[in-house]
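Two complexes, one shared chain (subunit A), two partners (subunit B, subunit C).
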Partner chain A sequence: MSSKHGYSGYVANLLERLGAGVGDEVLVEKNGLQLRGFVMARYEFGEPGVLVLKLDNGYNVGVKIDPSTKVSKLSSAAVPAFKPPPPPQPSQNLPKVAIVNTGGTIASRIDYRTGGVKPALSASDLVSIVPEIAEIANVSAEILMQVVSENMTPKHWTTIAQRVNTLFNEGFDGIVITHGTDTMGYTAAALSFALQNPPVPVVLVGAQRSSDRPSSDAAKNLIAAVETAAKAPFAEVVVCMHGWHSDEEIFIHRGTRVVKFHTSSRGAFQSINATPIAVHTQRGIEIIDDRHHSRGWDSYRYHPNFDDRAMLVKFTPGMHPQTLEILAEKMNLRGLILEGTGLGHVASSFIPVLKRLTDSGMFVGMTSQCRFGRVNMNVYENGRDLLRAGVTPLDNMLAETALVKLMWVLGFLGEKAQLDEVRNLMARNLCGEIGGRTRPQPTFHGDELHGL
Partner chain B sequence: MSSKHGYSGYVANLLERLGAGVGDEVLVEKNGLQLRGFVMARYEFGEPGVLVLKLDNGYNVGVKIDPSTKVSKLSSAAVPAFKPPPPPQPSQNLPKVAIVNTGGTIASRIDYRTGGVKPALSASDLVSIVPEIAEIANVSAEILMQVVSENMTPKHWTTIAQRVNTLFNEGFDGIVITHGTDTMGYTAAALSFALQNPPVPVVLVGAQRSSDRPSSDAAKNLIAAVETAAKAPFAEVVVCMHGWHSDEEIFIHRGTRVVKFHTSSRGAFQSINATPIAVHTQRGIEIIDDRHHSRGWDSYRYHPNFDDRAMLVKFTPGMHPQTLEILAEKMNLRGLILEGTGLGHVASSFIPVLKRLTDSGMFVGMTSQCRFGRVNMNVYENGRDLLRAGVTPLDNMLAETALVKLMWVLGFLGEKAQLDEVRNLMARNLCGEIGGRTRPQPTFHGDELHGL
Partner chain C sequence: MNCMDYEKIGLKVGVEVHRQLDTRRKLFCDCPTEAEENGKTLKIVRYLREAQSELGTVDPAAVFESKKRKKIIYHVNPANVCLVEMDEEPPHELNPEAIETALTIALLFNSKPVDEIHVMRKIVIDGSNTSGFQRTCIVAFGGGITVDGKFIPIQTITVEEDAARILSTGKGVVEYDLSRLGIPLIEISTAPVIRSPAEATKVAHAIGKILRASRKVKRGLGTVRQDLNVSITGGALTEIKGVQELELISAVVENEVKRQLHLIEIAAELRRRLAGERLPPFSVVDVTEVFRGTRSGLVKKKLEAGGKAYAVKLVKFAGLLSRETAKGIRLGAELAGHAKAWAEVDGILHTDELPGYGVSAEEVEEVKRLVGAGEMDAVVIVVDDEPKALEALRAVYDRACQAVEGVPSETRAARPDGLTVYMRPRPGAARMYPETDIPPVPVGEDLLGRLRENLPETLDQTAERLAKTYGISKQLVEGLIDHEKDELFEQIVKSTKISPSVVAAALTETITNLGREGFPVQNLTDEKISETFRALDVGKFSKEALSDVLGWLCNHPESSVEEAVKNLGLSTVSLKELELEIEEMVKSRTSEIEDTRLPNRLMGELMKKYRGKVDGAVLYSMITERIQKIKKTV
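After this line comes the complex of A and B, so read on.
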């Protein structure tokens, strides 16, 4: 099987007759339709008798092959080569931007052997295939790690934060971090807490389509990221990705407020319970939220450590309360973030367990599995009981950000942290992760307003 | 403390001097502002010195009281009474609709003693305060249970399904189920699987604001629900709630595709990866998705049992792989739904554990924590490795719906179910929960298209 790249039976024989293999370009004619594409390797669970092609538009399609289907070979596999332009001439007048590559699709190419996408481009390749960035900044690029983003852990967050802190001290005007999109929101939140009020912008950027696909968003995103790092007046940790609605707009999201909101769309990222800080268009950077932190060293705080003895648990109907105790004990947890229902609820059967956990010194914070809005545990009896059981409401903080923040708070305060200290820090706004927008006038006590 | 409804110090003394207590109407004058409202009980974690009022618009506000604040009592507490209109005269010509009350805000009222919201109205009260519904249908109302929706369990789903099945056999033209909003999406999915291709519409309805608040959505939602049950051409399990964008439109969402998407907005519900089936406006019911199941008994399938030995786990960076083994063993799980990242990934460190779990006969299904889009585990190496480890990709199925469906599949197939049977049913479209919209032309093998 594997020697035929996953093909068997009729299709394998056909390819052998044609002398065609993975990576070769073929023409398939069927029912009056013509399809031209590169033969891709076949994955395990596919329907038999299907030939997989990568089309010019970057999509893979599987074509059911039967004896009436005509297949002809057009050309042999050739690994596409990038022609690097001459290296850019450094200019004294341009800002200095460091690009730190950590992995992900923005630095990936199709592997024509397996049909999958693999990290392949070095950071300097990125610069050479997007020459526009040399006109924006004097760019210095490096590969810090090559980690697909679902494999990122709090240890990687620390490594990235340490490197960025060093680059701050080397005098760069902005830092760009290329990163896989899957967990980019989590890393952005982590760097927000690790590098609070940074002296210059820290811009995470990725791509939803690899850079050898015509529909790739890599170049546009990278240009916007470098321009943001070089010129933006705000100095925060941000995510710079295609906007939700329009490809002409690259949104610059606050790192503590952004999630990947679509599995495959180029406009996959969205700020939740907040607007993006700014938007990048052909006209440059337009500020949306002017309550941002500005460039400068004055209030910079660097604390790169995380403690991963914390978990996010999404409450669902039928979940057993002892689940939490088992996790707390077996995983040696110091804290727990709940994704409750609605305004921040779990079944009342959980309340005695939660009380025991908080009584034992464990932090339990409440967020909502509704993507939008804030928790308010004062409206219903169940919510009040949860407050009495020692659960801390986390307002409109994203569940993912709450988990990252908890890991940071536990790392920051260390082993001897008192529960009250953890609660105070978790409920306090450190870098735009909580509150905002729906706050009422200061005369009135805000936490009780539970409307829109 | 508790005898003063949570007030202490200056505010408690002030209330005592005024002879005012919880439920009394007062006028507060401060900094030139006047506020008129009902005194509410104070919750535990509030700032001291704050008086909480319920305003006419239904909002609670806390007012900081100091000696410069003037407070006067306007009237004493009186439990607002509903004046029930004369009972509607049954008309031979109207459709017959059964309203089954299960609890929740739509049947709730403010408890002026605790300041919280408590279930209070009977189903027939609902009819008497929304007399319009008597012009739409001959309504028969009952209280099946009084359960706040975060306390709903698979056992409740079975009880509701059994009751609805009985009502089908009694010849009703449509069924309305009032339900708390927190887990309404889960119950809607559960009833979709338990009552497949129902003979008449099954309409879940709730309210985000209790019915004694002027901003309540209860009446509009209930009218739309009764009209849908009575007259809609489609017979599916649906959720009928205020639309996301406009209060003039009540959306009718397919039960397997809907989530609560905002904690407090009246337009809290949204169909994900699908359009609503229809929209209810003043002009009546407008169909959006005409690929619906129509009224009639032909293909009705009734299987009300669920097995709750299944869990939903949201993968996050730093999560330890053994978490899954511990949960599987200690909670005696038969199946697991993962909310992976992006196109359906978890850290590669999870792959050996997942292989062991599926080898032992446990079902593991993959959904995405991105709210929109479908999983595709053929694009990246990590996804392919997960497929090889026996993880079943669940396309664009909602994670919540996938969990409910798994509980249903396990209950339907029983203890002796083979893993392959579970996988086949999970991947097959039973009631609109999977696929649709982004399906390519039938000539091509759809599962490999990983674009938008």
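After this line comes the complex of A and C, so read on.
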């Protein structure tokens, strides 16, 4: 069945016969009711046989069309020609910040005629929508890729890392990467390992509310991200997103310690087993964690390759131990991160399987599905058995970060890597992803949530 | 002016009646619709940004609000607000109960439901909606009602989410409570066919009656709001928002007609004076120095706070700013309205009113000299922080330019005195786009068929039925319906043994009288009234004290009926004790036992003592019974 703008069957044929498309004005006469309006695109899951019209009062309505309905075309759509205003004169005194777009829309315009949302694609358009950033930095913008968050792969991480490395060499004072939020934490971890001790800040930013709405968190996050890229004393890979429901505090999280913690809330991103590096308020950037890497090229290490033959498996009660063997074999895995229970456990039935896997040279690392706290496999017998079976405890590293790190370690060491080398690198702190003191638990009730 | 010829003036009024639906849940989430605003609240801070359109233009109303870009503080009561109202979670599907109620109402108006409901986002960035838009959808077109023999067509019936309630507004900050946000609101819009202020009231009243017939609309203060679209020949379409009381509608329309007529007259006069000349371009003069030693407390205070005085000359406007053909309607007030709305200044000073407010004649002359104002020119002065003063004068100047043309089309807010104040420019068409988070809702014939079969009775039918079932007068029934107490009436009558006419009279006349005497009768909730009748039913007090009890409860909304009875000293006597007392009395007057006036005499004495504590009818029958008994023994 052919489908145009979501229309199919009778309505699609009718529109074709009339030569009418989206945006064209039509008159629909039905049961003595006359409706004049513009043809709108059809919602993808809508029932067939319905024409969507935008009336002159701005409302859309769906009209059932059958052979007794009279439809006539009144006029063709006038295509809006938007010319973004000229960009403000770049101020040479301001820091240079590159904005790299990887997907999602950090800034957009609404086409009220069709309801469409058009992303801002150039620096000048971006600046015309969020003019504040031009006062902070001399920005340039580019589209590296248009990939929605869930479609990101380790290959994309490499592409992004390569581009950012080039931009480092071009002398930018900071890099902002706009990214869909779902897997932004993974990309942040990946860039942390690929661009260790970067010369300037690399700031990932996204929005939990789409940029076409007046309440979007996009502009506020973007402004904070540009300011961080331009001015922050630390040079690390960070995620810059709202800290809570309010627009007042934007948290700047270390890329290896941050996860998306809520499906829809603005304050979805939180640092786990660590504090954010800094917080951005109206007063500017306030440092929370003094132990950060400062700007400069001295210790910069660039290794953009990842080996995707690694997986993260969450252990659940009743899970069959063979699962791991099947995965290892079918997916040709070189390594495995387990998200175990509590202090780092899996059912004792897994122990022989895990022993076989590590004996064959595969890396198996243990993290905890508790998220908060660290694994300790010396406390219970099960843990000690797992250690004897060759499982490597990964302290307080986030499971997601552990997986990304493993992919990077495997890519970095190459095919000939020895298991011990992998173990050593995995357990060693490379960019703040592992270790440190465990702080008191954050609170999860009432107003105190604000202090999270 | 009172008997204006509205036909000749070309008055056209369209009425929009907004009313909250009494659904269990809000329109796009599972929060309850009882907007209780007590309890512990969180506060969150937000800012809204104008959404830019593809055409590079933004809605004029949105520009207006965004120029102010206020800090918005939302009060969140988790008892009736969830992440959806906080704009932290996508909206859930359209509440089917709200849609069915709206469709039922559409059928009562004979309107044609749409085949598919599409939810739209209407940009509103004053902060009253956390998302920056109000979700709204058309559910039906057409239909209408007949009022005094005239057919009033309905244009659209829409369902939308109610906005957050404003708590306070200050310089740069506005606070809202989110409890009300998301309550379903139905909007009935008539065609602009209404031709007089009185007719507008009648139409709104008639629409209200049909809405109430659905039995699914909320009642009470803040649940109903009327907007009026008013225009006259040679004038402009004015959108007047937020008329809360039906009684105010005709006054608002009348004042709007007077306002437009006044502005048309002013425009004609200005054009005559200007004789084809245009107003010179906007330019302001700093007149701060003139007021260095001013005696005007008003000006002095502002200057001491670091403000500056700026003035703009309005060529040929002398005398026109304070000309007042109807009370409260002056061009000066219009200019001040714009200055306040656009720049949030406290007000303006203009030469038509000066010297005055402590500003001396010398100061006025000096200002006039500095701006180069002649005899026929007016000067407007604003004293405030420099950017605000400049913005205010810009707004004044722009409004003055419009005054030469005639009546500007704008959105105004109704005041309780029936006058209106400038709110913002009228929104354009570029403010609606689809709410893509909510799939369209098909309106099937099967659903409509079911709703048609179960249409509720109209209020006329209700009136007839109540009169017949409970044997109460037509007047009382109409009172019940007008006071929106018919449902409560039935509920009380069904659950107690109290006479229907006593209940009806209490719900209408008694409460109205209390209101007239100044009791805050809005504190009498349905629940409180029911509780009062239950107490009456079990003899906690007598019906003579009903008015006192209700009055006391108005003043003590947190207290129980028990407490009312106790505090009013109404606790009833025990019937046993009363029996004994009556027996003593009758026995002591056996000589009069044959006298037919004895019961009345005893009644008079006892009522002095027991008024409010015992029902008169009960007392009377106790007396006559006792007399009969004693007669037999004598």
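Simple rule for what comes next: the second predicted complex is superposed on the first by the 331 of 452 C-alpha atoms of A that agree within 3 Å, B and C clash if a C-alpha of one lies under 4 Å from a C-alpha of the other, contacts with A are read in each partner's own complex, and residues count from 1 in each chain.
Throughout what follows, a residue touches a chain if its C-beta (ideal position, glycine included) is under 8 Å from a C-beta of that chain, and two chains touch if they have at least 3 such contacts.
Everything numeric in this text was worked out from a predicted model, so none of it was measured.
**Student:** Contacts for A:64 in the overlay, against subunit B (first) and subunit C (second): which applies, first, second, both or neither?
**Tutor:** Touch status of A:64: both partners.
**Student:** For A:31, decide between first (touching subunit B), second (touching subunit C), both and neither.
**Tutor:** A:31: touches subunit B and subunit C.
**Student:** Quick one: is A:261 in contact with subunit B, with subunit C, with both, or with neither? Answer first, second, both or neither.
**Tutor:** Only subunit B is touched by A:261; subunit C is not.
**Student:** Between subunit B (first) and subunit C (second), which, if any, makes contact with A:56: first, second, both or neither?
**Tutor:** In the superposition, A:56 contacts subunit C only.
**Student:** Go through the superposed model and pick first if A:216 touches only subunit B, second if only subunit C, both, or neither.
**Tutor:** second
**Student:** So in the superposed three-chain picture, is A:129 touching just subunit B, just subunit C, both, or none of them (first/second/both/neither)?
**Tutor:** Second partner only.
**Student:** Pick one for A:248: touches subunit B only (first), subunit C only (second), both, or neither.
**Tutor:** A:248 contacts subunit C only, not subunit B.
**Student:** Specify the partner with more touching residues on subunit A, choosing between subunit B and subunit C.
**Tutor:** The partner making contact with more of subunit A's residues is B.
**Student:** Which of the two partners, first being subunit B and second being subunit C, lies in contact with A:382: first, second, both, or neither?
**Tutor:** The answer is first: A:382 touches subunit B but not subunit C.
**Student:** Name the residues of subunit A shared by its contacts with subunit B and its contacts with subunit C.
**Tutor:** Correct list for subunit A: 31, 33, 43, 45-47, 50, 52, 58-64, 115-116, 118, 215, 263-265, 446-447.
**Student:** Of all residues in subunit A, which touch subunit C in the complex?
**Tutor:** Interface residues on subunit A, with respect to subunit C: 31, 33, 35, 40, 43, 45-47, 50, 52, 55-64, 80, 82-85, 109-113, 115-116, 118, 128-129, 208-209, 212-216, 219-220, 244-248, 263-266, 446-447.
**Student:** Would you mind writing out the residues of subunit B in touch with subunit A in their complex?
**Tutor:** Touch residues, subunit B against subunit A: 30-31, 33, 43-47, 50, 52, 58-64, 114-118, 148-154, 157, 181-183, 186-187, 215, 259-266, 268, 306, 308, 310-320, 322-323, 326-327, 330-331, 339-349, 368-376, 378-384, 387-388, 400, 403, 407, 440, 443-452.
**Student:** Which residues of subunit C touch subunit A in their complex?
**Tutor:** Touching subunit A: residues 40, 42, 44-56, 62, 83, 86-90, 112, 114-118, 120-123, 125, 130-133, 136-138, 141-142, 156, 158, 429-434, 436, 439-440, 442 of subunit C.
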